Structure formats: structure tokens, C-alpha cells
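Okay, got some structures for you below.
The same chain A turns up in both complexes below, where it pairs with chain B and then with chain C.
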Partner chain A sequence: MDGFGGTTLRINLSTEEIERTPTDPEFARSWLGARGFVSKILYDEVPRDADPLGVDNLFIVTTGVLTGSFCPVGSKVGFGCISPATNGHADSSMGGHLGPELRYAGYDLIVMEGIAAGPTYLYIDDDTIELRPAGDYWGMGSLELEKRMKKDLGDDFQIATIGPSGENGIVFSCITHDFGRQAGRCGVGAVMGSKKLKAIAVRGTKSLPVHDLDSMYKLTYDIIQRTKTHPNMAPWQKYGTAFFVGWSNERGCFPTKNFQETYHKDWEKIDGERLVEDCLVSDKACFGCWMNCGKYTRARIPGKPDTYQEGPEYETIALVGGSCAFTDINHVAYANHLLDDIGMDTMSGGSTVAFAMECYQRGIITKDDLEGHELRWGNIDDFEHFVRMIAARRGIGDIFARGTKGAAEALGRGTIDFASQAKGMEFSGYDTRWYPAQLLSYCTCDIGAHHSKSWTITTDIELGRDTIEGKAEVVIYLQHIRPLFDTWSCCRLFWGELDVTPEEHVDSIKHLTGWDVTLEECMRVSERVWNLNRAHFIERNGGPGRKFDVAPARHLDEPIPGGPAEGKVVGRENFEAMLDDYYANRGWDEDGNPTREILDDLGIGYAADNLEKLGFLGKPIPGGIPKVRGRELKPKAM
Partner chain B sequence: MRIEVKKESCTGCRLCEQICTICHYKEINPKKAAIAIEPHFPEPGIFEPKICVQCGICAKECPIDAIHLEGEAYVLHADECTNCGICVEACPFGVLYTHADVPTPLKCDLCLKCTEVCNTGALIVVD
Partner chain C sequence: MVIYLRSGGKLRDRLKPDVDIYTRKVEVEGTPTLEEILEEIGIPDGLVAFAFADGKVRRLNYRPVEGDVVTLQPPVSGG
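And now, the complex of A and B:
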């Protein structure tokens, strides 16, 4: 099959059975890859009462249609499972080189079930597939282990690992690869750890079959030459995403002290310029990428060993740097290394520590809870000690190992009001109180709060930050177009930053596969995935859907105390009105339940049957569902 | 003319590997490239592109003269090569590569395509 590695693997970790089947062309076309594959497989195969960290959850490693091809830029690999943070569909992706390597070994998709008898790693060397003992590796840090496995197996193996955090089931554990790329969100590392799977090592030496290589070559070669001189190229190459630290501060959306504030007065001490000047070792790119947004750095702190890490990127600077109120980029980079090696998502990890710091500030937790330590804003020693308490689940660390929502539920005392999370996953690094569409995006996101599925800061600015009018339709469009890149398994930044059009990406797919595919067809797949994930979430957690689309009280009620967004807040009435608008534009009823009409329209009527049995099928909408769901804002809002 | 490597500018993207195999084998398969990026991580944290410097030692060592100087490049002629491996052994820079599916060593012929896509100045053409 042109464009694919050709083989799907099914691995039962309990019985060590490995089954190879040809990747189903119809399945591939219907779901396109990565996020789409995960959505369909989880929906069809995971029992609704399965414990996310139990034997019945699946752990999926997947490429998408564009992975490993010559396009802008097929570097991604996806991971899927039921999330221990949200108890819903989880898909989390990362760049680097692992996804392409899997394709070159001949594999599109690996579905793992069961739990290994003991620590194990998956070894793939072209046609050789083995489950190997990993007792010697268990307990090692992610980065430390990658170094060790490169030594044991060779530099030409691509390796993904988990750290102690994943082994211990911390719900925001990540998967690490290439000394600094992470599938960070949704707790995919915890599920990998629950399977006793410590690492994946892959070497592939085969060619990716291409339908029309000459056309693919010409298309991408021309895009490379065209984008080299794009005005965004130079700042992205120099600073990567850290470029946006000042940008967010100026716009009053930079999370500071656990979102108590949205402007960090010392932002220039932790921004991209400081990072490059004080810490940069080298620029680093994912496979096939000519924009090299990765910044490989060295952190130097007197009294501590120097650390090497990729990043911190914007999200880490926001949620570790800003939210924990650091004022030295070396401290942020050191914290980045700590979280990477221990195996925690720097976003949810940073947010969880920041949330705990606010609990400490308010006297809700004290030194007695912290083994005699403090938990002060901007203190790297306090930060490190607390992260290690969480990773080992020592004392109160066990509570915070559940993330901000789980911790707030255990702590009580109104702490849930300042836990900036939706559905159990922490907000990305943008405050929402002057950005209502971003709040709607987080709270309706199918994996929990994550900007990758809909980032609307520029949309809010374009449409007016003090209004909610017209926001819901644009959020819906973004929730289809942005996750499409996670489905194709290519980097979104060439579209977002360098003006490579979605149509050009579709042309890449055409040349690669020979499919007569259109952007419209792909957008429909993306909408199908969104609706299937919604149905799945309701089926797992009960309905109605609306009860899960909840915003933290801070973001609804608490005006921003100072800075460029002083006094701004979304307000409950506005939020509920946006939800009404959102559901109506999605073809869902006012309770947030998908209707039969929309599910039938998208070819997933079986989900309507299941919802109906549970009593959570949306009531028919008078006049029917909207013909077109979502509205593209022009000029482009990414 | 030759390709000069500035390793401090290499980002490890391997676009050079990809385009090399597209142009020479009409395939996407970085393992068949005549250039390789050697990562040195986690420390010191740099990449090292390794590509033929056109020194000609392989041509001198080839027992059947299958590597010819053409213009400024030593070009390996697949139709003459017996894949004895002597050139690979002789290369002082370790930049003649092999792949199980290719019946000859993989040698840079100075087509310069890699320099056209490199966006960081890690591979530059010098006279």
C-alpha cells in the first residue's frame, strides 16, 4: 500500500503473543492515521469500565499517513490510550525520529494489550520483534535510560522511554524520546508504565513506498525554498516557541503564580532571548524539518550539576517558569530537565507544582506536609524536592500525583476553584480571562484542556477580546483543522507559522498514497473523530456531556488583578452562552449530547445507538443540524 | 568544489539524508544515503554531518577502478563495482556507507542536492 509501512502489529503483553497483519487500506483511508486510528480503536475495543491503569486499557503507538514521508514535516508519532487523567480518549504526539523509523521498519500501528509479567521493552529491528526484559532499566530516568540504550543497542536505534513517574502511575507522566521530545499530555507515560513497558527501541532500514515520488519531491522542494525566506523563519529558528514569552505577557495571558496573575514582571529573565544567550548549546530539529525550533540547552546553577536538555519551550516556560514564578532561565531549564528525566509532562507537572505552591501560599499545605521543606514561589530547591515527593508518591506527593483536579478533590477547602484544568487535564500556558474563545476551547476539548486542539488567542484578538460573539463557530473550525495535523501525523507549525496551506498538505497525501483525497474529506474525518471521542467520553463517564464542560471558578469569576488584562474575566453567563452557541453549531443538543442526526451524518450511527441505550443521545434539533459546522476565520487564525 | 561541513550549524534534521536517497535511488529511505548525521547526545549535544570530502583515496584503493574522477567528484560506477568492500575499509573518514539492499557502497557524487535543502548552513559548497 503506497504511503504506508504496510504492517499493523498486535501485541499481547500478558501472553507475549505478537500478531502481524497488513494494514487495512479501508481503515487507513477512513481514519487517516494516529489520532484517528486511536479514536476508532479505543472506541471499539476498550470496555467502558476499564481502569485506565489496568489490564483492559490499550496502549497504542501509531504513525499517521504522512509520517516519514518527504513533506512539511512528517516527523510525528502518536500514542493513544484511555487517559488516567481524564478517563477519556487520549492521544498525544511527539516529533523527533521515532515515527519515521517505525515506518522504515514497515509498521504503521502497534496496538498493545494486557500487562507484561515484569519490566519489559519492545525491540524492533526491521522484521525482528521481541519483548525483552527491562529489569536493569526499571527505575532509571528517561534521559539516562535513552543514553544507556543507545550505548547498548547503537545510535541508529530510535528510542522512547518512561521515567519513574510513569512507572509509579503519576497521571501526568509523559513518554520521552530523542533527549527532549515528549508525548507529554494525557498521561500516556503512566499507561505505558502500567503495562510494565519501560521503553520502545526501533531501527528500520526499508523504503517507504510512494505513489508519485517526482510530484512529492517537487512539491516539498519548492515549499522548502519558498519558506526559507518567510519572515517567521528566522525568529523561529533562533528562539523556537520561547519567542512567545514576551508576546503573551504583553497580551496579558501569561500564567503567573498558578494563574493568579497573567503578567510576569520578570519575564525578560526567562524569555527566549535569555534562553539563547545564557543556555543555548545547539539548535535541534525533528526529522525532516528545516525550521529547527528545538533549542538544546545547558542549565548552570551554582551548587548543582550542569544539566543538558532540549528546551524549555514556551509551554514549559509558561507553566513552570511563569506559573511557579521563576526569575532565572537556568532554573527553568533545570526544572525542565528534572521533569523530563523523572518522566513528567512539564505542562501538567509545572501546573501541579504551581497549584501546590498556591496551596502553600494559602496555608492549605504546610512544612509538616512537605517533609520539613517549604514550597515557595520561584525556589528551585523547593520545586525539586516536591517533584521528587510526587514521583515517589511520598506523603502528600501521592495526592498531587493525581494532578490538580484529583489533588483538589482530596484536599477540599475550595482548592478546586484555583485548579486550572478541564476534565482533569491542566490548562496550557495561556490564561483565558481576556480570551473567552480560549476558555471555551479548553473546556470543550476532547482530551482535556490543551491548546493543540484549538488555540484562539489571535482569534480572540481578531474578533474582540471583550465579546463572545462568533467565537464558538471558529473554535469548532479550529477543533477540526488543528487536530487534523495530529491525524496526518505531521507538524502543524508549517501551516501555522510559514503559511503552507492545508491543501498543500493534502497534495502531499495524494502524491504519497495515490488517493483522490480532498481537504473536505480530511476535515470530515476530523469532525468524525471529535464526535466519536465525545460519545466515548459520555459512554465512559455518564452524561449529559454538558456537565463535563466545566470551567474553573478562577477563570469565570476572578478578575485579573493587574497587568495588560487588569480587571478582565469571562463571567459565568458568558461562558454558558458560549457553550449554548457551541453545542448548537456542533449539532449537539443543549445538554451537550451529540444527536443521532450528526452522528449518522458523520457515518458513526453506531455511537448514536450506544448513547441512546444509556439515555444520553441528544434530543433532535428543530430544523435539523447545521449544514456546515465551524467557520474559518479569514485571514487565517491558527 | 566540495561540500564543507559546519557541524555547529547542523540541527540533525536529516533532510540531507532524505533528499540524497530520493535523488539517487528514487526512494525515501535515509539509511541509503551517502551522508549520515551522527548525533552526540546528551553531551556535548551536537550533531556531526559525515560526508565524503572527495579525497580520492577510495579511487586509488579500488582494485578494478570503478571509482572515477569526474569533474571534481569521485564517482562510484555501480555497473563496474563488485562490492568487494575495499573502498569502505580504506576510507579514512568512514563516509562510504553500505545498505543490505544496495549492491554497492553508497558514495557521494557531489550532486549538491543536500546543500540545496539544508537551511542552517551546515552543508555549504566551497571552491
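And now, the complex of A and C:
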């Protein structure tokens, strides 16, 4: 099977049975990989009442059709499960080297079920697959463990780990690899921990069969030559994503003090320029990448040991740096290391601490709840103490281990109004009150609020930040094109920044696999995944779908108090109107339930049958569903 | 004064390159800031994250000098 490792693994962690089957070509073509594989397998196999941290959830490690190829850049690996944060479909991906290594060992997909009897790690060395005891590793930090396992197994193993956070079921736990790459979102690390799986170690020495090597080589060579001299390459190489802090701040969307404000007056102290000048050790790249946008850094804080970490990148600077109101890039980098090693997503982790800081500011939690400590804005010692309380689930840390939504539900007192989350997952690092399409993107996102599925800050600027007109269609387009890169399992930045087109990615797939595939077909797969995930969410959580597409009160009602976006707020009427527009353009009914017509059109009529049995199938739309769902914005919207 | 603005990504369509596929030659009077130049040629400043000239980051209050080659970096999400 050209373009694929060729083998799918099924591992029962309870019984230690390991089954190897050839990867099904029809399944691969229908779902394309990673996010698509996860969507279909979770929908078909996980009982609707399965506890996300229980024995019936699955834990999936998956590559995509482009993983391990030199198409720019096939470095990604995906993880899937039912999310403990949202109780819905979860997919989260990371770069580095693990995905390609897995493919070079011959595996496209690993589906794990059950729960191991004790701490375990999965060992793969080409054809040798073993579940090995990990008692000695249990309790270790993610970064510390990776170093240890490289020493134990050899530097040529690629290793993914969880930290104490994942072991203890904190719902925003991540999976770490390559000393700083994370599958951060959706709590995939908590599910891995619930399986008692501490790590995955892979060495692969085979190769990928390529259908048309000459054409693949020529296309890749042309792309490399073109992008090497692209004007935007050098700034990317030098600064990575951290450089967007100033821009975001000036645009009035930089989350500050738990999204109370959107302008950080000390932004220059935590911006990318400070990071490069004060902390940079070296650049760092994922598999097969010539961009090197990763920044390996050292944080120095008097009285604390120096730490070395990859990052912080933009999202961490926004949600740890801005949202917790730090004013020293060393503190942000140190916090990045702390969260990475403990095994928490820096985005949801930063947001959860920021949310707790606001609770402390308001007197909702006090020193009595904090083991005598405080929780002051911008204080790294308070930050560290509280993160360790959460990781160990000590005292009130147990409440915040549930994320901002779970904590707000436990705390009451109106705290849910200032928990910036959707469906239980915390917002990415962009305030939405002057960016209505971004609010719509977060609140309709199939995995909970996340920019990776639709990022519309520049769309809002292009179409006008004070209007909602025309936004829903663009959000839908982005919700299909952006996750496609997670499905193909390759880096999105070459498309976003360096003009490598989606069509060129499709050409790579053709050369790799021999498939006669088109971008239109791929976009249709992406839409199929989106709709299947929607049906799955409703089947698990009840309906109607609209009741889950909810925005936090802060982003609807609370005008921004100052800065470039002073006075801006989306408003409930506008938000509901955008939802109406969004559903109509998706072919869903006004309650946000997919209709039979759209599900049949996408080849997933079985989901319509299931929704109908539950009473949540969308009512037929007079005049039928739109022929084209979504609209590409020109000039290009990312 | 003549300067050269360069960009790809989402800015290229707006920049309307005329020297090569990424570069536009721009004639300006006086010593305007980059922000003023962008406004003059119809690029909203919100679509430029930062500029890059002579190997250094330049903010939009930067005043280009004769012959400057200024790369405009479009914002992108990530990290």
C-alpha cells in the first residue's frame, strides 16, 4: 500500500493482546488519516456512556497520509480519544519526530483499549512490540522521563511521555515529545494516564513505499527551493510565533488578566524580541523541516534553577504570560518548563491558573484555600505553588484539575461568567470581543475552543470587526481547510506563511499513494469529519446541538475596559444571529442539529439514523441544504 | 525616495508585486512611517504583524530610508 506503513495495531492493555492487521485501503482513502481516522473509530467503537477516563474509552495514536513524507512538512502525529474536558471527540497533534518514526517502523495507526494492570510503556522497535513495566518511570516529569528513556533505550528511539498531571487525570494534561513538542489540547494526556500508559517509545528503520518517487522528489525539491528564498522565511526562522505578541496586543485581542483586559501594558517585556535576546539558546526543527521555527531557550530567575525548554510560543505567552499578567519573559519561559514537565497543556493550564487568579482577586478563593500562599497576578512563586496543587489534586487544586468550566461549576458564585471556555475547553490566546468570527469559531468548534480549527482574527479585520455579516460562511470554510492539515498530518505553517498551496499538498498525496485524489475530495472528507463529530457530540451529551454552542458571558456582555478595543463587545443578539447563519450555511436546522440530507450527502447516513432514534435529527430545511458549505475569503484568509 | 516592500502569504494579493512575485517598488515623499506607507497603498495595518529590514524587526512606526527592502510579515496563528 503505497504511502503507508501498512499495518494497523490493536492493543488491549488489559489483556496485553497485540493484533496486527493490514491497514484497510478503503478506510484510509475515506478518512485520510489522523483526525479522520480518530473521528470514525471513536464514533463506531466507543460506547456513548463511556467514561472518558474509564476502561471503555479508546486511546489512539495515529499518523496521516503525509506523515513521514517530505511534503512540507510531514512531521505530525495525532492522538485521539473521548475528551475528559468536553466529553466529545478529541484529536490533538504534535510535530517532532514520533509520527515519521512510527511509519518507518511500519505502523499507520495504533488503537489501544482497556487499562493496563500497572504502569506500562509501549515499546516498538520495528517488528518488536512489547508492553513493558514502567513502575520506575511513574511519577517522573515528562521532560525528565524523555531524557531518562533516551539513556535507557538509546538516542535513536523517539519517545512520547506524560507527566504527573496525566497520571492524576487532570483534564488538561498533554503528551510531550522531543523535549518540548506537545499534543496539548483536549486532555489526551489524561486519557493516556488513565490507561496507565506512561510512555511510548518507537524506533523505525524501514522506509515508506512511494508510488511515484521521481514526481515526489521533483515537487518537494521545487517547494524547498521556492520557500528557502521566500521573503517571509527568514523572519520565521529567526523569531517563530512569539513575535505576534505585539501585533495581537495592538489589535486589542491579547488576553490579559484572565481576559479581563485585552492590552498588556508591559507586553515588550514578554514579547518574542525579549525571548530571542534574553533566552534563546538555539533554533529547533521538526522532522524534515527547513524552517526551524522552534526556539530552545533558557530561563534564568534568581533563586531558582535555570530551566531549558522549547518555547514559549505565542499561545503560551498569551495564556500564561498575558493572562496571568507576567512582566518578565524569563518567568513565562520558566512557567512553560514547569507545565511541560508536569505534563499540563500550557494553554488550558495557563488559563486555569489565570481563572483562579481572578477568583483570588475577587475573594472567591483565599489564602486559606491555598495552603497559606497567595495567588497574585504576575507572581511566579504563586503560579508554581498553585500548579503543583493542581497536579497533585491537593485541596482546592482538585477543583481546578477539572479545568475552568469544571471549577466554575464547583465554585458557583457566577464564576462561570468569566471562565473563557467553550464546551469545557479553554479559549486560545485571542480575545473575541472585537472579533465576532473568532467567537463563533471557538463556540462551534468540534473539540472545544481551539484556534487550530478556525482562526479568523485577520478575517474579522478584512470584513470589519464591528460587523457579523458574512462571517459564518468563512468560519465554515476554515473549519474544513485548517483541520485538513491535522488529517493529512502535516504542518500548516507552510500554507499559511510560505505560499505552499493545498493543491500542492494534494499532489504530494497523489505521488505518494497513487490515488487519483483532488482537493475537493479532501475538503469533503473534512466536512464529513466535522459533521460526524457533531453527531457524536450530540449522541454523547444529548441535544439539541445549539445548547452546547455557548459563549461565556464575559465575551457577550462585558465591554473591554481599555486599550485599542475599549468598549467593544459582541452582544448576545449578534452571537445568536451568527449561530443562525452558521447553522443555515452548514445544512443544520435552527437547533444546531445536522439534518438527514446533509449527513446522507456526506455518506454518513448512519449518523442520521442514530440521531433520529434520540430525537435530535435536524428538521428538514425548506428548499434543501446549501450546495456549497463555506466560503473562501479572498484575499486569502487563514 | 524609493523603497521595496516584499511579502508572500496572505499579504501578497494586497501588495500587488511589480518587481518580482513578492516585491513591489514604492515611491514615497518625505520620510513617512511604515504605517503611513501601508495606508497609502491600501493595506490595513492589522494585516501586518511586523516588518523585517536589514535583518532586524521593525515596528510600524519605522521610517524606511532610500533603497530599503522591507519584508512585511503577515500574522498567523500558531504555537
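Note that the second predicted complex is superposed on the first by the 638 of 638 C-alpha atoms of A that agree within 3 Å, B and C clash if a C-alpha of one lies under 4 Å from a C-alpha of the other, contacts with A are read in each partner's own complex, and residues count from 1 in each chain.
Note that in this section a contact is a pair of C-beta atoms (placed from the backbone, for glycine too) under 8 Å apart; a residue touches a chain by one contact, two chains touch by 3 or more.
What you see is a predicted model, and the numbers here were worked out from it, not measured in a lab.
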Which of chain B and chain C A:Trp455 touches, first, second, both or neither: second
Partner chain in contact with A:Val210 - chain B first, chain C second, else both or neither: first
Touched partner set for A:Asp278, first chain B, second chain C, both or neither: neither
Residues of chain C defined as touching chain A within the complex: 6-14, 22-23, 44, 46-50, 52, 55, 57, 59, 71, 73-79
Contact footprint of chain C on chain A as seen in their complex: 230-232, 234-236, 239-244, 246-248, 251, 273, 311-316, 428, 430, 451-452, 455, 457-458, 461-462, 492-493, 496-499, 634-638
Residues on chain A engaged by chain B in the complex (per definition of touch): 68-70, 97, 100, 104, 143, 146-147, 155-156, 178-179, 204-208, 210, 213, 217, 221, 224-225, 228, 233, 237, 281-292, 294, 296, 298, 308
Chain A contact footprint on chain B (complex, rising order): 8-9, 11-15, 18-19, 21-22, 25-32, 38-39, 41-47, 99-101, 116-120
